[in-house]
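Common to both upcoming complexes is chain A, partnered first by chain B, then by chain C.
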Partner chain A sequence: MKRTGITLYDLYAQRLLPLLALLGLVLVWEVLCRLFNVPEYVLPAPSVIFEAFLNVDGQRWFDHLWATLRVALLGFALAVSISIPMAIMMVRSAFLARTLLPFLIIVQSTPIVAVAPLIIVILGAGEAPRTVIACLISFFPIVVATTSGLLSTPKEMLELSNSLKASPARQIWQVRLPYAVPHIFSGLKVAITLAIIGAVIAEFVAAEQGLGYFVQFSTSYFRIPQAFAALFFLSMVSLLLFKAVQLVQQTFFSWSLPADEEH
Partner chain B sequence: MRAAVEFLHVSHSYQARRKPPVQALKDISLQIAQHEFVAVVGPSGCGKSTLLRLLSGLTNPTLGEIYRFGKQVTQPDSGVGIVFQKPTLLPWLNAEENVLFPLRHQGKLIGQRDRRRARELLHTVGLEDFLHSRPDDLSGGMQQRVGIARALLLDPEILIMDEPFSALDALSREQMGFELLRIWGERPKTVLFITHSISEAVLLADRVLVMSQRPATIVDDIHIELPRPRTPSTIDLPGFNSYTQRIRRHIFGHGESAKAVPDITTEASQTPTAPHSIVRHAS
Partner chain C sequence: MIPPAKHPSIRWTKLATGTLITLLMSGAAQATDRVTFQLDWLPGGDKAPVYVGIAQGFFAEQDLDVRISQGRGSTDAMTKLATGQADIGLSDITALMAAHAEGGIPVRGVYSIFSQPPHAFYVLEDSGIEQVSDVAGKRIATSPFTSSNLFLPLLLEMNGVDEQSINLIQSDPGTLSPMLLNGRTDVVISWVTDQERYADNALSAGVTLRIIPWHEAGLEAYSTTLVASDRFLEERPDVARRFIDAYEQAIEYTWANPNEAAEAVNAVVPEVEVDMAARTIEAIRPLVFNTFSETHGLGAFEPSRLAATWQWTAEAQEMDVNLLDPESIIDRRFVPGGE
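Presenting the complex of A and B:
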């Protein structure tokens, strides 16, 4: 199905309605806080949070934001560059799959929050350990998604490829990997939000900058509205990164989207 | 003249994981002459597709030998073009690129001549206006036409078609059959056409091989002496019905038990559970 044009109703239903709902929620929140005189350290009203946001210097916000974003993106990039080749190798070799899978599951099932302090002790207190933590938490979904994607190639397509006597590398590159693209993107969407979580966890353990650090710093000084402002920033960043992955898929791999999502 | 295809006492068993081996084919011997159009009919699951795999060299037979133009088949080569049941086009490539895919997949560089050839083939299958359409924008019949053009790209001597029209609706199916005959007339090939529609087999082929239940043997080899070119009115010729009835008798047996009744009556049914539904339907 191709989009023929946006009608007013579409605009209302797709864009305006969620916005109105959000505004309504904020309004109810504000009214409830004022009505029941909820103390600021329990739940600050939106207006108070906004005030706290303005009280922090713009440059400072930017520095925190950039610190978290850099760690998350680096960790994510590292995860992508490890997990996709790993998935390819696991699909190519049953032996490797049997050997690697237990390790992957152990890494995945160990709570990253518990491992984070150890990694920081081992790797020191720089940006490297934070990147590693962001990578560790986000690479598993990509491996799983890529593997199942590579295995989703139709049997006939593989037979065609075999009948042409294509090399294994070409079969992966021209047939299996493109077939895996929709799966890979579902993995990437999960992974990018996990990368932000990883970065924040790492900042909780050891950092002197970043939005996670700033949340912890603010709460330890009972600046709850400021912590809320930082939290709001964090969820915005997560959301935008998720959207960015979606945009990459729509722009470069539009064929991999279901027909009604193609816009 | 040397036969284009020759099977000499070919038997084939395969083994699925943790299951006892299944004998698909039992002592099959056959010869196909060059440019002959041979249809294979038989109950579903009887090993028709195994024939495809063996002749294309994707699998080697457990017993016996297979020759193409006197050369023993041990591995795939570009002398065979395959059209699958589903069009199996690559969704990220347009029609022209899909037709060119075999060359690209063999690591060859695509030149102007190859592109011209791909366009010619798409013209032959009637898709000259859809060179740049992606499979998603094409109907099932059009996708299968691209599949046929792709199978012809490397100019194979032998074209194997594995129930190529069974995913299409009845109208497109009939139309595609005649289209195929027209293409076959323009570019003569030796065709092995696997189907489970009796009338389709009789309507299209020079010869119909009837296969039995597993382990499959060839129970009849019928030369269809209906005049060419075949048209929709070929069905009305008196000979047509006697051919289909002869085949039907082989497949439904002579008063055998209901268990042996395959799903040959319903041409559209694909599912492995179909035999049960037919039995229920019949009783």
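Presenting the complex of A and C:
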């Protein structure tokens, strides 16, 4: 059945219901905290967290947010610019795939928390090591998703392009990549949230600004509600970035979405 | 094909211009010397002097442009000094000693800041624990990487407490105060530099704390020290001297004017509250200004206390005392009025 627009039911189901669920959760949390008189150094009530959020100057929130966002986005951009060409190379050459894959798995399975201090020692305490950490944690899902996407091209399409004597570059660009787009976006959605986690891990090890630094600073002063406020802010940022990737896909690659996600 | 040779006069003009630019640049660099100062932890009242030095212009008077880099522990600070990311900074002297005994690090102690150890037990006032000997049989929570852990067995032994009787819990520093207030532990090990943070947290829970400093229970040792990289001391000894002179001035100013000092920290790091920083500065005064520093002077490394500090560090880490001559990790040339 062809859909003509967003109905009232859709609006309720898609927009209002998640919001209502979230509000319900916050309400239950608030009530439980008040009912059992939970001390704020154990679990602060949402109202206390909100108060802590307001107590911090807006400009300071912005500075911390911008520091984390900059590192996460730079790391993400770096990851994209490395992983998509790498995936293309791996699909083109079985030798490269065999050689690179073990390295990729090693990098992915090494706990980034353990390596982060070493990266900072090697690269210094500036923004570069933080960007590298955000990149390292986020590039793997993009490589895997892009590779499996490139490999998902139907055989007959490849045979057709071969019979038309399409150059390898043209085959990648015009046949394989369009098939890979939905996979790439799945990878990008996972990677963007990981990039934020990478930025926060890096800030825990060495930073003078950023939301991760602010969480660490707040807990070291036992300002638990303030740490919670920063955590919520962080999850909001992750959510927005995830949505942003989704928006890019909807705007520029809407054909790559399953029929029921086009709106 | 070989490129045609350039006219000699063009080359000379380029060389002369290059030299002039280099000279001009080095002239500009000489006017103010840049120094990167490495903190050993996050900023707070206990780190105030370097911020005071900047705010009050003590460094500027010495033609120094000081930048501050925050740290995550003594080992982290020393690594950054050793790798040239910073020139001079803070570290616990026991960590410096251990690093030297483990195989050497191009970092040396140049000025003692805390001549008393900052380690302490924190307990609830109504817990019945009033002195170190009362912790026998109790649960004690500590953070995994603090140098206090080194001295704990020694302190217990000195005060006749059987180490086996205590239940030691290791946890993240940010969880220690909540654990104490929550009854998940009876005792917390922390530095007296943290007492105002703990006090505020306790106040919000409606209880009061008792702090039992270890130096009152017989533990006497050096602690936080100004340390510098060998490269900095060898290549720029004059800059090091000027920095330490200004730093000492800043120490004296900090404890003469705790409020202004706290404001200096807050001006650079707005997360640090002025009131709490000022109270911290006041609270840790005995670590810096005490009978020992009165006798031997600020910044001094008195040989017998230095040797005792190493002996305790070695014992605590089960190292051979002969592994290190504690004098070898110190450079006394820069203590004002020192060597």
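In this text, the second predicted complex is superposed on the first by the 260 of 263 C-alpha atoms of A that agree within 3 Å, B and C clash if a C-alpha of one lies under 4 Å from a C-alpha of the other, contacts with A are read in each partner's own complex, and residues count from 1 in each chain.
In the analysis below, a contact is a pair of C-beta atoms (placed from the backbone, for glycine too) under 8 Å apart; a residue touches a chain by one contact, two chains touch by 3 or more.
Not measured: the values here are computed from a predicted model.
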Fit or clash between chain C and chain B when superposed on chain A: fit
Touched partner set for A:14, first chain B, second chain C, both or neither: neither
Touched partner set for A:121, first chain B, second chain C, both or neither: second
Which superposed partner A:170 touches (first chain B, second chain C, both, neither): first
Vertex chain A, arms to chain B and chain C (CA centres, degrees, nearest 10): 150
Touched partner set for A:161, first chain B, second chain C, both or neither: first
Partner chain in contact with A:60 - chain B first, chain C second, else both or neither: second
Contacts of A:256 with chain B and chain C, given as first, second, both or neither: first
After fitting on chain A: smallest Cα gap, chain B-chain C, Å: 38
Chain A residues within the chain C interface of the complex: 39-42, 57, 60, 117, 121, 124-125, 205-208, 214, 216-222, 224, 227
Residue numbers on chain A that touch chain B, as the complex places them: 154, 156-157, 159-167, 170-171, 174-175, 178, 181, 253, 255-256, 259
Chain A partner contacts - residues on chain B that touch it in the complex: 53, 56-58, 75-78, 80, 82, 84-86, 88, 90-92, 101-102, 104-107, 134, 136
Touching residues (chain side chain C, partner chain A) in the complex: 42, 69-70, 72, 76, 79-80, 83, 85, 172-175, 177-178, 181-182, 197-198, 200-201, 204-205, 270-271, 276
